[in-house]
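In the two complexes below, subunit A is the common chain; its partner is subunit B in one and subunit C in the other.
Showing the complex of A and B:
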């Protein structure tokens, strides 16, 4: 980056809900500082850029590309490859890009099951002909082709080399701005290998102020079933809180308002597989001398795979169906 | 991870074991294959790598090739891991830069397929190579040993162990949870094989123990909690007040004045005793104790002795005892027959051998008289192996779901001894012995069988699958009648009207589940405590520093219990004499940068080795207490705990190598 030409930044939205784009907007007034210091050269959500604009940039033209969303179809893969080619620094922004996020929960089902559910079986669908999406369609203007649907939800790093990971669903604005500042200040080396940014090395418990009483869990409850006792560790109260197995950086936002941590920042410390790490811890926290009792307790947890791997289904050892 | 992964210089030695391994495994081939792996500087075989020349080879090769990791593929590590650790240390290498692979017990001895065996051996050794790259030098932990012992149980075994330890100059604390010393032996009358009076034998032993200045005796004392490991066990002991102190002058008056009575367990329910009582004549301590379950604190005893020497309101106290070693001597309980088992509980004249011995005791509940209801020529039967040598499917299961299938070892000679004693008092008595086998196995025991036979006692042998039946005598000329099919007379059906039927009952371990949990003792299928090895390490538990004495380990007679106690004492004393224990360095360590202080690990450590550092707000592992079980490392959701010797890099590299495809390609 030099004084003459401003830095070029990009933000792209692949397989995700859009919350990540909002989280970038959430840096608020800092957005003005960002655009003052850098040119936005691609951000489909905020400005009108087309594919051919990006394709026409020289390789490595973009200094910092924030890529949010998972890769579920051929268009997303194509964009991932294109942006990698055009960017000096490629960031997997948010849980979906890093580890599949919520969309990757679909990995527990096959594409056929997903299509059946979405286009025929769902009670609110009226599709007497059983029409399913097709990749090629004849239309008045000729044959149209829409992107191919992949059998699995993939991470950005399954497709291309990724330099940085900014975790969160979505990443917290204050943390995002810290990373932007580091970038603008030249403190972020252009190339890295999946290095975490915008978070800490510790787990959410580090920032959480609820008190541990060192009692074992005697039963599980969901947060619509009971009101937690204020001030007391939610997990010990039987609310499945993934805080202990989740990287911190969010400021323990959820547990501050008595909501159990859902695990959106991904595995903490040196754990690779967040679900397995949490299960390992949970097993030792149950108030159960006998295996049968432990089994009864675990049976109280609704949708364990979706709960423990809510944001990391593409990442962990449990890669969904195969 | 702080493993020293790259640049390793690995030497691999594969042993023929004189053909034990090489007859099945193509060891040359294994050496060749493994030799191709990166980092392997040398890969060779040897006829007997554990031999002196074999070890010398390892040492010289280490120096010659500047090896920094050594792998030996040979027999089981339990056999020779230490041999090679020492050898590589002599060559100047840290002993933990060593990997031992078992290609004998786990490969050559379990298959005859040379191709499969060679492939498996190759894979195991390759995995060790991958793991070895991540090994780091470690230092053994050294813990100073407290020169003191804690003996739990004040029966003959505990008394002998305490005495022997004190004789070697060790400080001993002897803890007995009943108010009086002596254990089960005090309840016997005369003992086989010497015929001496049990309590006459006990008295001088107790005297020796209680007067020894190195021994502290605590009665009415229960172990409530224990922390620590070999060298420094910290045991909390709760002492229930005796209710009586030395100032009590008129103990007879106090006992007589007490209005509360209860079943006397010393006589197995044959008599009653007061709430304030002495267990037996000549017992130690020589003063009564109050049984708080029975006492109503009415104060009559206090009044009867003029207020001196009785404390009805004393509070229990807790003390901590620090000891380098523990001797468990918690003994046995007699087998209590199930209701209706051979008529027990239904017919009052069906009693146990323990009860018979109490009846025979001149100082017992009846002054030595048997309950014969005046029968002039009494007919007395014994059924052997009651609650012993039971058969699954024939005998009713016990409350623990098992049958007592072991031999109780003391009842045969015990019953014959009692039978002879009866003969002495009632020469005209007829004795029937209904047995499966007579097992008078011990030195001098056979004489009891011979003498019983000579005395005219009758022996009827029954098939354990068709045990005798006990019924009410329909003719009414005796309390019970026993039907038995006698194998000695070709299955003749015999009917025996009896005035007294004695069940020669076996023994079960005294319930010490809380101690088993506290000291993590191994327990056998028979529920007795389990030694490390019945022949080579017969009085040691697998938990380092905990020893076994007497009947907590299985049925024994006094001779054997005392012998075991002496053995335990000398093993314990030898350990203390070392001054310090060396322990493997495979402990858990917390990575401070990653630990969040979530405290998940605190509750899982079975050895309470983890505490929370309140200042840093993270977990802290006490290296002396950690046994390296690895539980916390598995539980930590942030993988902030690493177990030395079993780091993720070490374990995973080994696992990946084991799971690699056949071409040998691995993923990590």
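Showing the complex of A and C:
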């Protein structure tokens, strides 16, 4: 491939923790193959490009744009629109871009509550004047403006057309490299409609090697309260494990080290709403003959909404608090 | 993901009538509702009945979908414990629905909008009363209009996103 025809790739970081950028670095030596075959034309985490460089590119200049992070403010929205315009293929990379991810847990609170918690009420905050951030500020160099806050966390697909979804929090490096290879080999059609990539249509339970003893759950425990017995299904032991409602792709990574699946790859199979799907699955696994006993058991589950929609709050049916 | 909410009509503020979706199992609760009809018991027309073979088939996703598409309230009814035609279908229901209720509450959906009760084939009177109580409760709570709320926040279309207004 000569320099003129080299593919152009970009990676952007919106409302997310930065783990997705790390997951791309995690492909390790393959990164050298990637940059040998393609030019990185925008990747704020790793290369010194500015927004105005992107704005100066012709439309469709970027062949593959990996967009990670959710959209909660005007800057993220602007970049989503700009990168869509400049990219042939736009990928929602990671749980936040696809379904809100961890930032979208904030959808269970109002903006007022979020600001109060962050800037005044939190015990570690020292803000006697109750000063809150403002979007416009007068300074020595004139008026400065910071991005505007939106009422709730949105998915990338709420803003622009998305071609592919690579799930995970973050996506696993082996899966990411597979998708990169498909792209470099010309096996990834430029346009698609929210097509999943880098995952399978099975569930995490299908890939999990822990032994299912087919016993029903007699009590729930949180991970800091007990040490799981090695080799035995965590859910059967009473640790809330979302494997049954989560699509695979990670190879049941967490359960390999005795951590319950938190559901980061999103809903499995035909399910659209991961939380509702998990409630459906859990309901058939309780060791309760009497209604009162079933009630006692489910009351042991702390924060069901935050737990069952941990990575998919913006993508479930309800998408957040009224 | 394609959201159906953009096509859902917003309820008019005046002349609003509660829209209640009731998921009933075929063998007991639907027969109970039928019984109410045969006995000519009066109950409000706001309830739209969806019949499923067993309450164990009432996937929690049906309930979240109903709210997301504009229901003001949802009812779930099945056979009493011990009476399920499929023996243990309602054992799943008795675990799922209370857990779903706790989850819905975290989203700000009041308990009165989600009614879960056992109704036998002989309990036409109970069914009629349940509908009357549910409709009265939801009427007092007012419209839920989940689709309108999401539309206003840009979900599914991303147009005209308004910054959160209360910042000083």
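Just so it is clear, the second predicted complex is superposed on the first by the 318 of 322 C-alpha atoms of A that agree within 3 Å, B and C clash if a C-alpha of one lies under 4 Å from a C-alpha of the other, contacts with A are read in each partner's own complex, and residues count from 1 in each chain.
As a working rule, contacts are C-beta pairs under 8 Å (C-beta built on N, C-alpha and C of every residue); 3 or more make two chains touch, one makes a residue touch a chain.
Because the structure is a prediction, the values reported are computed rather than measured.
Here subunit B and subunit C are compared by how many residues of subunit A each touches, and C touches more.
In the overlay built on the shared chain, the residue A:277 is in contact with subunit B and with subunit C. Of the two partner chains placed around the shared chain by superposition, subunit B is the only one that A:269 touches, whereas subunit C remains out of contact. Legend: residue contacts after superposition of the two complexes on their common chain; A:214 is shown touching subunit B, with no touch to subunit C. In the superposition on chain A, A:196 makes contact with neither subunit B nor subunit C. Legend: residue contacts after superposition of the two complexes on their common chain; A:286 is shown touching subunit C, with no touch to subunit B. By the touch criterion defined above, A:77 reaches subunit C but does not reach subunit B. Look at A:248: by the touch rule set out above, it reaches subunit B but stays clear of subunit C.
By the touch criterion defined above, A:206 lies against subunit B but remains apart from subunit C after alignment on the C-alpha atoms of chain A.
Judged by the document's definition of touching, subunit A residues 271, 277, 280, 283-284 lie at the interface with subunit B and also at the interface with subunit C.
On the subunit A side of its complex with subunit C, the touching residues are 74, 77, 108, 111-112, 115, 132-135, 148-152, 154-155, 157-160, 194, 271-273, 275-277, 279-280, 282-284, 286, 288-291, 294-295, 297-298, 301, 303-306, 308, 314-322.
Those residues of subunit A that touch subunit B in the shared complex are 201-206, 212, 214, 216, 243-245, 248, 268-271, 277-278, 280-281, 283-285.
Those residues of subunit B that touch subunit A in the complex are listed here as 1, 591, 593-604, 631, 634-640, 648.
Partner subunit A is touched in their complex by these residues of subunit C: 1, 59-61, 63-65, 67-68, 81, 91-96, 98-100, 102-104, 106-109, 146, 149-150, 153-158, 161-164, 166-168.
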